[in-house]
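Letters A, B and C name the chains as they come in the text, with residue numbers starting at 1 for each one.
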Amino acid sequence: MGDAVAAAPGTGRRDIGAVLWPLAGFALILLVWETAPRLGLVRPTSIPPASAVFGEMAVILRDSDFWQQTASSSGRWVIGFVIAIAIGVPIGIAMGRSRLAYHAIDPLLTVTYPTPKAALILILVLMFGAGNVSRITIIVLGCLIPITVSAYHGASGIEPKLLWSAQAMGLGKVRTLVRVVLPASLPQVLSGLRIGIAISVFALIASELLIRQSGIGAYLFTFYDLGATLKVWATASIIAIIGFLLDSAFVALTRLSFRWLEGEV
Amino acid sequence: MASVQATPTAEVPPPQAPPSPITPRRNTGPRKLLTGLGWIAIRLYPVVVIIGLWQALVSLGLVSPFTMPAPARVWDVAVAQLRDGTLQRTTWTTLSRIIVAWSLAVVVGVVVGILIGRVQTFRRMFRPIVAFFFPTPKVAIYPALVILFGLGAASKIALGFAEAVFPILLATSAAASQIDSRLLWTADNFETPRLRKMSTVVLPAALPGVMTGARIGLVGAIIGVFMGELIVGSDGLGHTMAAAYRRLQTGDMYVAVAVVSLIGFTLDRLFLAARRRLLRWSPEVDH
Amino acid sequence: MTTTPTSPTSVGLTLVADGVGKTFTSSRRGSVTAIQSIDIAAQPGEFLSIVGPSGCGKSTFLYIVGGFVPATSGQVRIDDKPITGPGLQRGIVFQEFALFPWKTVLGNVVFGLRQAGVPRSERKAKAREFLDLVNLDGIETLYPKELSGGMKQRVAIARTLATDPDILLMDEPFGALDAQTRATLQTELLDIWERTDKTVLFVTHSVEEAIYLSDRVVVLSQRPSTVKEIIDIDLPRPRRREALLAHPDYPVLHRRIWALLHDEVTDG
């Protein structure tokens, strides 16, 4: 029936299927990407065929300028992300454990939530110039709320019994925080961080597409300005892969570091 | 509240949905005593505080009135724009694009999500692809989209669609794959044909999850359209902001931000109201 | 998903489980044989209970008969034709979870009727008939979340009965209810059954319930399960609860079945 419900007997056959079909899926997409432009189904000047894009990607990866820009982007991103964690996680946990903190900060979150933070970049540029400060700030603003909210969910959802056990064992407030609250909140916090990565990378690229001073977004936009379609697609693909790799790396890292976590991040 | 769990058995399990923003749903004692107007007051209080802080910053001279004009000044600019109709026009331009992008994302996201959630072959073929694209910054593809679709609405809608479709798709496939078997068996018991089972059983059963994804998708659509207009555009709120930036008219910039935030807030509220109605049968949805 | 056509006469169909076995394989846990081999032949119009220790696969067996889970060995035949999947002919009643929460009470009952080919104009009336049959009145616009456990179960029964299946499969339908509601529903079920010619396969873990309701009781062994014994319940019908409990044969039967089950549990 092909339904999710029925389990297929015969484990051997099933394992091959689990590898074969994903490959078939990718192959299909690549096939369409390759043939549609060549057949003229889409304008090859707008979407170059896959092989051409891959070839160009190799060229770009050999461009030292690309690596330079990537390095400056990465630096900004790391700083911004770390700051967001340093601010968001403690606040979120405080909100989860303290009524006062919750009521003080939640209104702030609900008001600022609907604003697309990346839109504020231009205002920040007016305030702080087009340098790193404004760009790092945007990255921080972009992912601060999801990280904070996840930390809040993690900290507020702790089983009371865990905390009672800590009390019974005579753990003081600080110890309880470190030994019980932090680990118990970890799954949610990690989920929030994972989303934060995606959002912050978005904010980074978006800000660099807007203020085209340096960075990988600026690098991309230059090609657009020049009308170099092939390079635009190639760079965009590289950025996409970087985004994917960052995410995979994060998942792998958390799995290795926190093997005791049940389930998945 | 969206619980953040990963969908099972993928090499890189994509997150199901980002945690929803905190809405004050906790039954604190004082809240229970409030009625109608009082409730609105509570909701507006944070906005009042923000504006108050804003005004304080300006009055105290902590920020230059150029980079952060006083609230009153921004209000004046907004009113002027309303008077000559530009605000309505640009707002509608952006809003219509958002609605189109989101609607497309819902249709595609739900259909593909149900297929991925319930048909094993489909899931094996396409879930890895979805998992690949989910964490990528879709905005990186925006210049390519402009080359493809031109400077007009299509590229903005495409970016909004790209940002919105993934959370919807993932939430739908997760919900569709976790339906209680006995509900489906009941439909099978009655010999329900497969297609009708999809529309009369799978879809309603998955609806709570779908709605969570759709809510997040709404945010994505707004961000996608607005950023698209901002980066390369000729009309809409994003473009207004970019143009104002180039002319160093900060008042207009703040108006644009305020309006898009308002759009975000309003659409979210409308969505929640629709969700309450559509999910009135669900025990978990608060009413 | 084809099924054997419903026979025109209402005499009832013969249901035969022939060496039915079920082994679950998972890449993580290896294989688990829930059911070794179950052989049961149900007479047309019979009320058959299935009891067994927890985890012995009695529900799984029912799902196999219903066609929702494929057997890994053996066969289920209705009037000598093997089943190929679920069908209207074998109506299943789960515990409360199987009502569609997004449909009203009436909507739930109508759902089956639509599939059974009842014309649109008659569906609501017929649905109300069956809601009446299970003694539910005036709740048709409510959603399942607003119903009590007993009411939900009644709706589930009404929904299945409305499509007039020849065979009724019931998976511990009263298990989640309190003792009083349970007793009431048992009597109501017997009432309904006595008025029709349906064959009933009733899974339960309650020995009292099995004796009260059935013509025969199938006792399953521990997993991997087989049929330990099939016991005839030769108590007079219609069954009256007080008279039943006072009947001399009742304690004998009860002890016998309980001992069979208890054996299984201690042997483990």
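Note that a contact is a pair of C-beta atoms (placed from the backbone, for glycine too) under 8 Å apart; a residue touches a chain by one contact, two chains touch by 3 or more.
Keep in mind that what you see is a predicted model, and the values were worked out from it rather than measured.
Q: Compare the CA centroid of subunit B with every other chain's and tell me the farthest one.
A: C
Q: Chain pair with the most contact pairs?
A: A-B
Q: Report, in whole Å, the distance between the mean C-alpha point of subunit B and the mean C-alpha point of subunit C.
A: Chain centroid spacing, subunit B to subunit C, equals 46 Å.
Q: For subunit A and subunit B, what's the span in angstrom between their mean Cα positions?
A: Those two chain centres are 17 Å apart.
Q: Roughly how far is subunit A from subunit C, going centre to centre by Cα mean, in whole Å?
A: Averaging C-alpha atoms per chain gives centres 51 Å apart.
Q: Can you list every residue of subunit C that touches 2 or more other chains, as numbers and ranges?
A: Residues of subunit C touching two or more partner chains: there are none.
Q: Could you say which residues in subunit B touch two or more other chains, in rising order?
A: In subunit B, residues 181 touch at least two other chains, as defined above.
Q: Contact residues on subunit C for subunit B in the complex?
A: Touching subunit B: residues 1, 3, 63, 66-68, 85-88, 90-92, 94, 97-98, 100-103, 111-112, 115-116, 143-145, 160, 163 of subunit C.
Q: What residues of subunit B sit close enough to touch subunit A in their complex?
A: 1, 4-6, 8, 12-13, 15, 18-24, 26, 28, 45-47, 49-50, 63, 66-68, 117-121, 123-129, 132-144, 146-148, 177, 181, 184, 222-223, 226-227, 230-232, 238, 241-242, 245, 248, 250, 253-254, 256-257, 260-265, 268
Q: Which positions of subunit A touch subunit B when the two form their complex?
A: Listed in rising order, the residues are 2-5, 17-18, 20-22, 24-26, 28-29, 46-47, 99, 102-103, 106-116, 118-120, 122-123, 125-127, 145-146, 149-150, 152-153, 188, 191-192, 194-195, 197-198, 201-202, 204-206, 209-210, 217, 220-221, 223-224, 227, 229, 232-233, 235-236, 239-241, 243-244, 246-248, 251, 263-265.
Q: Show me the residue ranges of subunit B that touch subunit C in the complex, using the header's touch definition.
A: Listed in rising order, the residues of subunit B that touch subunit C are 180-183, 185-186, 188-192, 200-201, 204-205, 207, 280-283.
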